[in-house]
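Structures incoming, each one as structure tokens.
Each of the next two complexes has chain A plus one other chain: chain B in the first, chain C in the second.
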Partner chain A sequence: MNKSEGNKKKWNIEDDLLFKPLDEMEIPEPSPSLKVSYLSKLGHISTSESLNSTNRHIHAYIKVAAIAAVFIFGWFIGSISHRNERVLLQDVQKQLDNNNKLLVLTLLQQPSFSDRLQATNISSSIPIIDNQVVTALVKALESDPDPNVKMRCAEVLAAHLRPDSLSTIFGNALDYQEEPIIQLILINYLKSIGNAKSKRIINNFINSGKADEFVRSEMQHSINL
Partner chain B sequence: MNDNQPSDEYLINCIRSGDIEKTAILFDRHHKNIFSYFYRLTRSRTESEDLTQNVFVRLIRFRSSFKPYHLFLPWLFRIAHNVFIDHCKYKSKEIKQQNDYRIDVLYESEIENDDDKLTVFYKAFEKLPPEYRELIILNRYHELTYKQIGESLGMNEKAVKQKAFRALEKLRAECKK
Partner chain C sequence: MKSIKLYAIALFVITSLTSIGQDTYFQQFNLPISNDEKESFKVDIQSGDVDIIGVSENIIKIQAEVFNTPGKNYICGPDGCMNVERDDLKLSIKPREGEKIKKIIVSLPFNTPVSIRISGVGNVNISNMHGGIQINTMRLNNISLKQVTGPLSLTGTYGDLDIEFDKGISKQPMAIFLMKGNINIKIPKGEGVTFATSCPDEKSTLKQHPLKRVYSYKHKTDTSYNSNKEPEQNKMNILADYKERIETRESFGFTNKNPRIKGKSISFKEDVWVYDINGGGANVEIMLWQGLIQIKESN
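Presenting the complex of A and B:
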């Protein structure tokens, strides 16, 4: 043992006399059964320690498995809720589109020009317009008394329909137009479509007596250019 | 200690690492020492044996509290000190005495002959507070330095010196009565 003698108590003769009875006290030897008993206890402790160690390992595995299970469960619940959320959003969007469609159809029937114009604005926000809306917009394009509503209808239809369908719709609508500005707009749309059907429609319309004088001169001017 | 023998500190580190069987070697080396410590305090062979066994059981349980900077023997005596204190508390509860550490009360039944010099000395010795008695026994019979006794009893070296001085003064005064 590493100990410094300088730090120990120095006992003098007086102390030795004082402690003589204690010094002379006979200390018995511990009984041999003490060692036997302790070694037996040590065996028990050793066994329980190794069992505890094994249990600790098992507990560690259980912990890892439990954590993994919690993660998997969380992911599963998350994916379900995410899927549900997506389905819910789709349902809401569908419902919203349906409401917008009904609103468009209703507003287009209104006598107020601003309501009908509002209907065309709403129809432009619908991602995919169905036949009912197309029919209503075409009807408005052909017969609405307000040129602004007609212009917006043409715009919305041009944004949503394929060129072939547009040629037919705009060709038919052209026959109903009296305002030069609408005639000009529809012709320009047909020109931008640029297929044979559109060209034929434009030619037929200019050569017919239905075309406004201003529109005819504009078309001839553009052809000359 | 034989140089070929592993040191106590090496053995306790092995025990800390899980080699509990090495406790048997430490038991062989130190159980007599611990037994005599308890015997001087209790003068009861059976109780000293129980307490000695308890010390080596606690050694296993609290092995992780041994730090590399510790010396083994003071650390072992610290366990012995705690075992003794717990034992006194237990005994005092048994006899429903308020003063937990009065060994004269605890071991009164074992004092057989009042004329015996040892008994007279013990009557004076047992009037000392328990830590004074432990301090004297550790210093005189187990050759621990003040610093090591401080480690064992949980106090600093200066306090140990002061208490050793006071313990001797008190013991001398009691013996003169």
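Presenting the complex of A and C:
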């Protein structure tokens, strides 16, 4: 107990030595101009703080708007380029079909049967065949020396033309055919079309004596014909 | 004694007449040809066998065996029995009026394109030819092609077809159409070929189209078809590594008995089995009404 009292006394002496000069110092009073300056600075700070907060809001809006603008712009550009792409693709497809058409017309004139077979393969990939290609295919169907080329021409025509046109084309082509296979194929097509015109063509052909003996025999016995 | 003499005379007359009817004439042509590879060789005959052998010489040798048709008074003259026309780089053999070809044996430069058309009965044998081969037969005709590379375009009515491809099969499109008969194809080991057919492999894992095999008939319609081997019902057998797939294509309206009618248009589309052998390659389309297709690799 005595020891703690002694320590307290010791601290008080040290405090007195350290802080007494400070306590004795004269405290200056704030001048009226300082108060004015202080208040004006305080007002300025508060204004700038409020301005900053407004700016922060504005910045956030601007950012959102900018992002939206970027998205809208991107979408707009994308849609334009997509539209352009589609138009471009359509152009390319049209060009490709046109090139294929020219290729078909050229290859069908070639002396090599494999070139002419190639022509029929290409023509089957053209979505819509025009009159020029139809005419070339009909000519090949009527007079090509290779029966396989003729058959493929018939296939392509059957895929693209309407039954009425097909009846007429196949009916005319039938008169040119010597090969029994081609005769049978055309008759079978006509039978599949099944309209009155086709039936009349088949009957006329069989009765005309142009039908190969083998074809007549098939016509009598076959289940399909 | 008198009657024996009469019999002898009658026998002599009959024999002579028969021999006139069956007289055969041989003629050989040796035709040097240009270096133009486009020159093609064409045979167009009513009936008779055609044998063609590819050689490395630049000369065409034609040996023809022709006999007069009984009842026609045609007699072979010193200039031969056949027309050999050379026009627009095409060399054509056509028999003259009243003649009937028994057999033609031709040796040609191996890269010459060949076109053969037989409207009656007759077989075709071709070996060692590396140019385009087009054969169009219309009755009972067996076709045998050995050591060929194609391209090929073959059409036949009745008969068997044997093809033995040589290495370096042409990449150009090929087509085979046969009504009734068996098709045997041999390809060199490891050679890539793609076969497209309306006939599925026996071991096919793909589901068969319900419309397939609707069209089938077993009656004999042509009395000239006397083969002991009646073709089996559509069958495909592949003895090689292959991958299969189904493609939808236009058909001839045979196997697809019920073409779809959409509005005013008609669709003959049907499923086609496609077999890529050794990874696929040269494209061969096969259309067979009735028979067996066998494809195998040579050893």
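Heads up, the rule we're going with is that the second predicted complex is superposed on the first by the 181 of 225 C-alpha atoms of A that agree within 3 Å, B and C clash if a C-alpha of one lies under 4 Å from a C-alpha of the other, contacts with A are read in each partner's own complex, and residues count from 1 in each chain.
As a convention for this text, contacts are C-beta pairs under 8 Å (C-beta built on N, C-alpha and C of every residue); 3 or more make two chains touch, one makes a residue touch a chain.
Everything numeric in this text was worked out from a predicted model, so none of it was measured.
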Which of the two partners, first being chain B and second being chain C, lies in contact with A:Asn188: first, second, both, or neither?
second
Applying the document's definition of touch, where does A:Pro30 land relative to chain B and chain C: first, second, both, or neither?
first
Taking the superposition on A as described, I'd like to know which of chain B and chain C A:Glu155 touches: first, second, both or neither.
second
Tell me the contact category for A:Glu49 with respect to chain B and chain C: first, second, both or neither.
first
Partner contacting more residues of chain A (chain B vs chain C)
C
Tell me the contact category for A:Gln110 with respect to chain B and chain C: first, second, both or neither.
neither
Could you say whether A:Tyr38 touches chain B, chain C, both of them, or neither, answering first, second, both or neither?
first
Who does A:Pro21 touch here: chain B (first), chain C (second), both, or neither?
first
If you lay the two complexes on top of each other, which residues of chain A touch chain B in one and chain C in the other?
none
Which chain A residues qualify as touching chain C in the complex?
111-115, 117-118, 121, 124, 145-149, 151-152, 154-156, 158-159, 161-164, 166, 178-181, 185, 188-189, 192-193, 212, 214, 217-218, 221-224
So, in the complex, the side of chain B touching chain A is made of residues 18, 20-21, 23-24, 27-28, 31-32, 35-36, 39-40, 45, 48-49, 52-53, 56-57, 60, 71, 73, 117-118, 120-122, 125, 139-140, 143-148, 157, 164, 168, 171-172, 175
Contacts from chain A onto chain B in the complex sit at residues 1-5, 7-9, 11, 15, 18-22, 24-25, 27-31, 34-35, 37-39, 41-42, 45-46, 49, 53
Note: in the complex, chain C contacts chain A through residues 38, 40, 113, 115, 117, 119, 132, 134, 136, 138-139, 151, 153-155, 157, 170, 172-177, 179, 215-217, 219, 221-222, 249-254, 257, 259, 261, 264-269, 287
